[in-house]
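The next part holds the structures, each set out as structure tokens.
Both of the next two complexes hold chain A, though its partner changes from chain B to chain C.
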Partner chain A sequence: MLFVTLSVLTVGLFLLDLVVGAVRIPLGDVWAALTGGDCPQATAKIVLNIRLIKAIMALLAGAALSVSGLQMQTLFRNPLAGPYVLGISSGASLGVALVVLAGVGSSVGIATAAWAGAAAVLLVIAAVGHRIKDIMVILILGMMFSSGVGAVVQILQYLSKEEALKAFVVWTMGSLGDVTVPQLAVLVPSVIAGLLLAVITIKPLNLLLFGEEYAVTMGLNIRRSRGLLFLSTTLLAGTVTAFCGPIGFIGLAMPHVARMLFRSGDHRVLVPGTLLSGAAVLLLCDLVSKLFTLPVNAITALLGIPIVVWVVLRNKSFTA
Partner chain B sequence: MIRLHDFSIGYDERTLLREVNAAIPKGSLTALIGRNGTGKSTLLRAIAGLKRRYAGEILLDGRDISDMRADEMAKKLAFVTTERTRIANLKCEDVVAIGRAPYTNWIGRMQDADREIVARSLASVGMEAYASRTMDKMSDGECQRIMIARALAQSTTIILLDEPTSFLDLPNRYELCSLLARLTHDEGKCILFSTHELDIALSLADSIALIDPPQLHCLPTAEMARSGHIERLFSNDGVRFDPVNGIVKANT
Partner chain C sequence: MKRWIQLAVVALCAIVVAACGRKSVSLEDFDKPVYMLEYASGFDIQGADSKQSVLLTVTNPWQGADGIAVQLFIARDGETAPEGFDGQVLEGDAERIVAMSSTHIAMLDAIGEVDRVVGVSGIDYISNPDIQARRDRIGDVGYEGNINYELLLSLDPDLVLLYGVNGASGMEPKLRELGIPFLYVGDYLEESPLGKAEWLVVLSEVVGKRAEGEKVFAEIPVRYNALKQRVAENTLDAPSVMLNMPYGDSWFMPSTESYAVRLIKDAGGDYIYKKNMGNASTPIDMEEAYLLASAADMWLNVGMANTLGEVKAACPKFVDTRCFLNGDVYNNNACTNAAGGNDYFESAVVHPDLLLRDLVKIFHPELVEEPFVYYKRLK
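Up next, the complex of A and B:
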């Protein structure tokens, strides 16, 4: 029932996202543009080339970042884990910084660099996490790693030319609107592949609720599962971050919203639940950002921070 | 049945057990005792397949665990660790149901037979009334029972428990160990649990495995009490073991 409500809400927000924008376009014209009916050329362009792509991006990015956050929270058994907190986005940004500041501008180049950066961070965390039992230590290492990467990125910025610098700074501000159709052709399959892997790892995630050792004694092939989870998160968070820049708090907050809404810890419910909540909320954030012409990252932060604060206050024991 | 064959284990320089040959029989509740730091947990974790660095062989019902995959092991052996596990937002029956993981499909779909086993496992530990409650507001003893029910749902012949009584008060300790004894005898399981409670081990376990570094002695409880091992290991200036009454006394 809740799934139906959320799905309807998501579709509704998606359509609303097509209607709302800087230019006022009548509902009929939006519909005509979408269905290839009769409407002014300029209107069709705005609806299809700008608003539709942006709405698809919000949908995909919201779903991808939220599912990635859920995976990391369960794997690290930490409610404050997520792509952002553990430095996966920083890794991606280092990759992007290296290629953008070196003068490479192709979408495939940026995507590859972001993936490589995200994967590198995940490998480091996986290697370190294997030795360290205390999950809080891993979290702190992740944060320190992020700061370290931030420093490297700053040095790169300092050394780079003005134009490249501007391109990178714009990327770091996060935007759902700077994606082109060819980029979408890279992004959509990557996110879908990541989500399919997320579906395959539903049972491993349920076992991992008990911690890795229990999961192994219940038959989990831990290396394979970790590998699949890291690959999935890299595809999801790495790709979205590559094209949209780091979008904060969605990946951290939405799994908690799903847990609260569905009152379940079962990933068979949580994976689709988190996916839908994430898509709906990022669409909502995009709508708000358009209505007040604010950067989307500011909206996700303002919405996400209260949720995270609530989780910390409620969950004093810090267990997922 | 668990069999150790020329089994040695240790950390870096330190040997905990050397060339141990021992058998933990089926249909018997075995208590694993030993002083702090002598390797009780290490031994249990090795048998559970969580510590792969050892010499010699560990055989479960005749099969070497180094030849077994995790999913095969999970059908043969279940483990309850010292970790106090509380999973928020998951009902007790769902927690126990995850013990069916080795038998369910890729997404963990439960068949009628699986649900029946889950219900029976909850009933075995006397927690059927808790089926639809969540673990976050339950006591340590209740959570421990749910984790044991989860181990039972794995339908294994062997169950290992690492200090299952350590967070429990006295009545709960006895109750839990009586439960383990009942499961062993009613269902013919092979249950091995580590404990610091000498009195519980002596009064409820069928046999005792005692770590006397670097050796492991395995004897029926009555024989172990008479053997002199316990007195030697557990006596110091402060306490002594009385083998006649099977109790520990303070030296006065």
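Up next, the complex of A and C:
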């Protein structure tokens, strides 16, 4: 029942996202643009090239970040983990900082640089992590590595010009609007592949809930599962971050929301539940950010916090 | 049989004639410079025989670009872009312009065409009175990285004026997808004050008023060079000049080849830091900055400070320097609007002569009677 409600809500928000925008377009024209009917050319461009792409981005990014947040929380047995815990966002920001602030390899473009940065950091973590048994050590290494990369970014920021600094800071605020159709052609398959991997890892995640040792005694190949989870997170969070910048909060909060909504720890429920609630909430954030023309990252936190607080307070087991 | 041969010959001739008549223009035909650059180095405008269209080429439009050329073909009189041309195409003159930098607005204003601006980035920080008077009808598309493309598209622009910092503008792919032509304006990369101003000729070409643009520009070097020469003939000593304010613990010193320093030199001042001859500012340590400030006669461009008190609050250790004690501290923020937008970064680009006059007034007050425009002495 809850799945049906969430699905309807997501579809509803998706459609609303197509109708609402800076330019007032009558409902009939939006429909005509979507179905290839008769409407002004500018309207068709706005609906198809701007709103539709942005709505698809919100849907994908919300789903991808939330699912990878869930994976990381279970893998690290840490409720404060999120998609960026392994240093994906700091790796991506290093890539972007090198292009925007230092002008290194400016021809490759921001998205490629961000993706390369994120993938480089994860490769290092995965390579080191392969020799380490204790997942907590990997977590600490990831955080140290992020801080180190962050320091390099700070130095670049410090030494750069004001205009470049502004462009970089705006990138860190996240944006769903810069994506183009060819980029979507990269993004959609990556996210779908990441989500498929997430489905494959449902069983390992459930076993990991009882601790790594128990999971091993149940016959789980821990290294292989970790590798799959890292790959899934790179595809999900890495790709989204490359194209939209680091979008905060969603990945951390949505798994908690899903756990409380569905009152379950079973990943067979949590993976689709997190996916749907993440998509719905980011669509809502995009709607609000459009209404106030503010960066989407500010909205995810401002809107997300009340949602989480509400869910926590509503959950009777958490209140006295 | 003979008839057939005759017919075939006629048909063949017809095809040859038709093919010649339809011979399309090629990119190579556009090799006749229609404007000779005098001070700038980042653009050129070329035409072709018996064609109204022009090809605008902007070379290395951002910092660190090497061998990159971005082209805009302005198609006039129903002519079409040469086959295989992969740059931007502007059909006719730009009537509706979105300007991403306030300097673009100042250039259009200089040639009396600012009413073509339909969209800007960060309208509160723009000083231009015409833009502010029409602000309800002008779209603010936001900043690069978070552009409101829906609004941008609804403004129905013929052309978007961009700038690139350390790389191509992030707006490029989306603008291509939306089919909106764009042009990089590289004024900020020119270090010559007159070269910066010369970019107004590019904007006059884009709106189809190059003759007017050339006329407006031609007068600027005349005034600038006359004043520069008067300074050279009438002054013996050049006061030493300290620049800028610290960011954190470092003080960024511009190169001796930079725009600010060239102006100081032309105005009869002596920039105190001569070690940096590169193409970017160098950070120096506080101690070195203190030595420089102590030796300087004047201190200019003190960040956002409006009073000596604000300078004191920002760098308390520098209040015992001679320039501070004598009150020889000047800033370029005399024309700042309510939101904090400074016209120095906007209209001064097309008024290097006024900027020079301000600086001459600071260094050699006896040579200039007119009041300050961009500068003020801090009290």
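Methods note: the second predicted complex is superposed on the first by the 239 of 320 C-alpha atoms of A that agree within 3 Å, B and C clash if a C-alpha of one lies under 4 Å from a C-alpha of the other, contacts with A are read in each partner's own complex, and residues count from 1 in each chain.
Here is the rule we use: a residue touches a chain if its C-beta (ideal position, glycine included) is under 8 Å from a C-beta of that chain, and two chains touch if they have at least 3 such contacts.
Because the structure is a prediction, the values reported are computed rather than measured.
Once the two complexes are overlaid on the shared chain, A:200 sits against chain B while remaining clear of chain C. With both structures placed on the common chain, the touch criterion links A:213 to chain B but leaves chain C unconnected. Contacts of A:227 after superposition: neither chain B nor chain C is touched.
In the superposition on chain A, contact of A:265 is made with chain B only, not with chain C.
By the touch criterion stated above, A:150 is placed in contact with neither chain B nor chain C. Taking chain A as the reference, the larger set of touched residues comes from C, when chain B and chain C are compared.
Considering their complex, residues 62-65, 142-151, 153-154, 156, 163, 165-168, 170-171, 173-174, 176-179, 247-248, 250, 283 of chain C touch chain A. Residues 21-23, 42, 45-46, 49-51, 99-103, 106-107, 109-110, 158-161, 163-164, 166-167, 170-171, 173, 175, 177-178, 180-183, 245, 293, 295 of chain A touch chain C in their complex. Residues 199-200, 202-203, 206-207, 209-211, 213-214, 216-222, 259, 263-266, 268, 315, 319-320 of chain A touch chain B in their complex. Chain B makes touch with chain A in their complex at residues 45, 48-50, 69-75, 77-79, 81, 83, 85-90, 94, 98-99, 101-102, 104, 106-108, 154.
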